[in-house]
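Notes to accompany the following structure.
Residue numbering begins at 1 within each chain, and the chains themselves are lettered A, B, C, D and E in the order written.
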Amino acid sequence: MTAPAPLTDSFLERVPLLVRDFITGWFPEPIRWVVAGLLAALTILLVFATIFALLTLLERKIIARVQNRPGPNRTGLPWLPFTEGRVFGLGQPLADGIKALTKEDIVPRDADQVLHFLAPVVLVAFSLMTFAVIPFGRNLVSVDLDAAVLFFFAAGAGTELAVFMAGWSSHNKYSLLAAMRALAQLISYELPLLLSVVPVVMLAGKLSTTGIVAAQAGWKFGFIPRWFVLSPWGAAGFVIFFIAALAESNRSPFDLPEAESELIAGHLTEYSGFKYALFFMAEYFGMMALSGLGVTLFLGGWQAPLPVLEVIPSYLWFGAKLMLLILLFMWIRATLPRLRMDQLTRLAWKFLVPLALINLGNAAFWHLSAAWPGLPLQAVRYAIGVAVIVIPFFLIGRRLSAGVAPRTYRYAP
Amino acid sequence: METPEQIRDRLLARFPGATVTLVVNPGASGQHSLLLDPANARAIAVFLRDDPVLRLDYCSNATGVDWPEKEIVETTKVSVPDPAGGAPKIVEQKTKRIQPGYLEAVYHLYSMALKTGPVIIRLRTGNRTDQVALPSLTPVWRACEFQEREIFDLYGIVFTDHPDLRRILMWDEFKDHPMRKDYVEPDDYEWEPTAHDEVLVRAKAHAAAAAPAPVAPPPAEAPQP
Amino acid sequence: MIESPSSPLAPLAGAHVRAVHDAFHGDLLEVSMGPHHPSTHGVFRMMVTLDGETVVKLKPVFGYLHRNHEKLGENTTYLGSMPYTDRLDYFCSMTNNWAYALAVEKLAGQAVPDRAEYLRVILAELTRLLNHTCLAGFLLQDAGASGTPLMYAFREREKILDLFESLSGSRMMCNYQRFGGCRVDPTPAWFDAARRVTEEYPRFLDEYEALITGNEILMARTQGVGRLSAALAVSAGITGPMLRACGVDYDLRKAEPYGFYSRFEFRVPLGDHGDTYDRYMIRILEMRESVKILQQALRDIPAGPIFDSKAKIRAFRPKAGEAYGRIEGPKGEIGFYLISDGTGNPYRYRIRPPSFVNLTVLEDMCLGHTIADAVIILGSIDIVLGEVDR
Amino acid sequence: MLGSGIIQGLAVTAKNLVGSFHDPARFTTTQYPEERTKLPENYRNFPFLVADAANDPIGSLRCVACQICEKECPPQCIYIEKSKDKKPDAAGKQQFFPAVFDIDTSVCMSCQICVEVCPFDAIKMDQVFEIATPERFNALLLDRGQLAKPNTYYQQIHPTEAAEVDARLAADRKAGEEKAKAAAAAAAAKAAAAKAAPAAPASTAPSAPKSPAVPGTEAPKPPTTA
Amino acid sequence: MTFAFAFLAVLMVASAGVAMLLRNLIHSALLLVLSWAGVAAFYLWAGAQFVAFAQLLVYVGAISMVVLFAVLLTRRSAGSVADVEPATFARAAAGLLAAGLVGGVLGATMLRSHFPTATGEAPKISVHDIGVDLMGPQVAALLVVGVILTVSLIGAVVIAATDPAATDKEDKP
């Protein structure tokens, strides 16, 4: 680690380390690292569970405001003074949680009891594991693995297993059909997701997330941060990553499995009560994990956008960028209609995968041409980078949307 | 746009065997109709659709009408010669006649190509009990498919070679035809707070039928299934 | 030029249906969508047979909301049936009232003063606006948008319903037209409110189209889906925007001008493909034409009585006879066929509902598409079960 | 290019999101129990019987139990039993009154046809909509006592309409009194003439003064203006 | 450390064994996945992170899906319990014989070869070194594996995407 400049080593930055050392200090030496691990797991669980609760409220408020209505503002915390119980809907997540807990958990008679119980558990476990490698702040990464990105996708692969178990164990024709559709969607969008991450790993030279964030440190000409998203291949990679993340977490244009206009609640039809809430929570964890990875790989993790802004601690920067991405998720959910199953897979295989491969070549060119001297050559390098990705975008885009175009209409004579 | 009379004459000329009579509409709307005989109704319908002058390619409405038996009292003025050789007296003689009832299907035809007004054709069944078959006009105009199924459902006219003649509004096990004038409603009586007129009569019947429970206030009585 | 189709019931199985379907294969999935399905616009049921995802057979089942409206009509007076017509297509109570009043006026030869005719045109065009706006909202809801376009549609619909409430007393159950005119004369304040709504509507339509019309996902979901040929549409008696989307130029306001429509200058949009996207776009363009009609009607509505002097409210007994009156409702041609026998009650009271007949071709349009498309195709037909089941 | 439509759509939703905070046109919800929208004057819900005197509503009902509304009501939800004896109405004339006047609000659909056909302006449309009751049958059956409301209440909820009706009734009453005065004067003159010619046979008693013009059921009631 | 080793060994072998004995095909497939996860944990215990995560990603993520899809698509009956033939004496004997033979061969090779005694801590190899090694001496093997995978992928796509009309012809009796 280079000698930390005074700003980046301020007290606020080192607070997490101090707290950790203070707590692990109480325990004898041999089991100290176990306590550190448990402490990290506990904080992640607590922090992201509360964020999940607030996100459900935020999502309903944002979609409500988009639709010109106030959103939930009735549930309140009666014992709060002078708010006469109504605190802008902050009581809503609490109410939903209690409702989920007290609702009866109906399990179909001839469902596969073991798998039916195991599916939500496996889903939440795997989606929580993915948080282990995301660096939330300068000293805030729970496990600094050497092959961190690979671990992230290995943990993410468990969700497919859980979706299959949920669909199969409900012993219901429609949930099995919906589980198959969900699997087809998850598998066909795993490829663009991985292919959009490969250029980042290639240019950063290492798989460990802290290394990737470190590779994005520093500023060009003093004020342009060296984030990958600002380079042409980075921007294209980020867009592909974001679309694939939308599909992986079953969010708006791709929320086919729970399409209420078709197979009602998809593979979640036979779940109720707390198990349904667990599935709901796992979807939000998946969304937050993928946004966290997106921030780490493309938006410079916990790096501050300007040197002078370094005074604000790094984990706040990470939080801000994470919230930005999550707002983008919600904004898209409030607007876009749903894709049909065949269009969804065609978009993945015939549009995102080719573009991701071309972007791989683009990143390689970017890396090799890094040493071109002088500003004009750098501008040419940037232009080539942009052209290499934009031209195929138009070509493949036109072929993909061949039969689809706005129309003009005639009037009766 | 040809008047119904001209159409009738052309039809009679074209289909010698058919009987096409004009049914005058006494109302203010002046929409007279043509009564076709069921035998060659479909041939006439195809002609009406494909005739270059008429081009009635759009059947807007197919309706069923129920005309039950009617007792017609005709008063005819008859001059009776006075037996005493005086001037013949005009005497009104009332003859009672039972006009046989029948079911009727009325079709309102329009031309979308020429944008011309309604030509109304009527088909009548033999009687209201056994001869209730009429030729279906769905093969000519697909628009009649659902409306003829509704006529079959609510009136009981059986349309021959209709592609899918089933009940459309009532459930399949339903026996009677509800729109007929002589339809008797099932006695699914439910207690009603302001029962009056015929509902009052049914309420009293049910109150009497129910076991003479102690005179409890009526609402306590469970509504009959 | 509309050539007459060969027998319209040519075998429906086209290339999309796999050649061999017998019990041995047994891989067809029988799905019953409805009557409690969230996207069937009311208690409507579709017995769909699926071969994998594609629809192989689709039999609509309705009658769940059947209360024999026509028998009720025969047992009440002519005036008594007027409030029941609000309950036919509960989105467009004003046009239902007008269709019934038109038929009875044709039956009794009843004149209507000019101001009432203008009022009827204004209210009918306002109803067309709110019906088409809601249709676009429901179509997006079926396509999966989480209710945003529907909420914008309802926001605009509320403004028009406020106009109806301040005029007739109730938002949806207006019971406003009478045989020979209208019931309540609007105040100048009402006309100002109506002009304001009419002026703001094009701005809302532009924003609405920006959200929906160019959306690639919607275009991909609706273009080429549920294609309907002009010949089959005419033969199946399809009317309204669905018919004009197939390119057939037949709008009752132009083909058989009733009321004062001949005095207003407006155009009738026509589509070329007859698919779901055309049906949606035709309704958007029709809204723009309706706004033009409203502006002209609100500008030159004359003063004068709104109720004909000779017309009677009670004890209305038209001479024996029959009449068939029809108007261009937002969903298509709604017609009333009345047979009078001189008494106070009609002898036969028949309604020709547009959505009931438009459903005839639902199966022809859905064959070969996936079940997600069947939902959108049903949405584009724009059915209301109160009118289908009567 | 591919995706421009989606971006345009996102721009519209963003405009609405931001607009809903400052632009009243983009925020249409009124929080019902706390804030209430003003009801338009023509708003109609269930009918009520108009009573002239506020202190004795049942006694001063305008309704003369002519049962026209009971016959004309499409869902047949009005039930009237005419009283045997009569009572003087506002214009002093002896009229029947309804001993029982029930409206079954579970059947009534507020279509105001009863108001339209009532020749005596005795029944008008109310503007109540918070009338939910726990009990399904009897609580929804409103009898004469619950239906009768004073004319002042009518003037409060339908001001212009009430003013018109009052003016018309006042004019009818004045016309009735003048006719009664004229008839009385004519009777007096005839009686004087009879006295002047005692031998003349007693002229037939002048026909009873014609009751205030009961607008024939035929004459259409001029439509109420909003 | 030996406790972790013993626990992982028991986990792997037990789950694989029970997977063989269960009648419910889906349960046994999932238990197989559990044993693969055990193998990944074993790699982690041995300190080879990259191989552990690759194992987790490939086996638990992808191949488990292939196995489950295969189980679903091959059986006509909707019932989840597989119609396993009853275990007769002859089958059991054949099974034991095969196990004995395989065990014997493996045992012999292990006994004869000698393993260098573990020299304490496992060598610290970073992913970078693995990458360089793969691209350096092992590049031939990497390319061959790459080609094989692509060929099989394209073959699968061709078989799956053949024109449905073609399959109709064979269906027609």
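Things worth noting here:
The definition used in the following text is that a residue touches a chain if its C-beta (ideal position, glycine included) is under 8 Å from a C-beta of that chain, and two chains touch if they have at least 3 such contacts.
Fair warning: this is a prediction, and the values are worked out from it, not measured in the lab.
Touch-path distance (fewest steps) from chain B to chain D is 1.
Between the contact lists of chain B and chain C, the overlap consists of D. Of all chains, B has its CA centroid at the greatest distance from the CA centroid of chain A.
Distances between chain centres, each the mean of the C-alpha atoms, put E farthest from chain C. The most centrally placed chain, judged by C-alpha centroids, is C.
With each centre defined as the average position of its C-alpha atoms, the distance from chain B to chain E rounds to 76 Å.
We define each chain's centre as the mean of its Cα atoms; on that basis chain D and chain E are separated by 85 Å. If you average the CA atoms of chain A and of chain D, the two centres end up 64 Å from each other. Chain A and chain B have Cα centroids separated by 67 Å.
Chain contacts: chain A has residues 66-69, 334-336, 401, 406 touching two or more partner chains.
For chain D, residues that reach two or more other chains under the stated contact definition are 2-3, 5-6, 9, 12-13, 16, 28.
In chain B, no position touches at least two other chains.
Remark: chain C residues 29, 38-39, 53, 140-148, 151-152, 155, 211, 213-221, 223-224, 249, 251, 254, 267-273, 277-278, 281-282, 285, 370-373, 375 touch chain A in the complex.
On chain A, the positions that touch chain E within their shared complex are 112, 114-115, 145-147, 150-151, 153-158, 160-161, 164-165, 168, 171, 183, 187, 190, 205-208. Contact residues on chain D toward chain C in their complex (touch as defined above): 2-6, 8-9, 11-13, 15-16, 28, 40-44, 68, 72-74, 109-113, 116-117, 125, 217-218, 220-221, 223-226. Here chain C touches chain B in the complex through residues 1-2, 4, 7-9, 62-63, 66, 68, 70-71, 106-109, 232, 234-237, 239, 248, 250, 255-256, 318-326, 333, 335, 337, 339-340, 348, 350, 352, 356-357, 359-361, 389-390, going by the rule given at the top.
Residues 191-194, 196-197, 199, 219 of chain B touch chain D in their complex.
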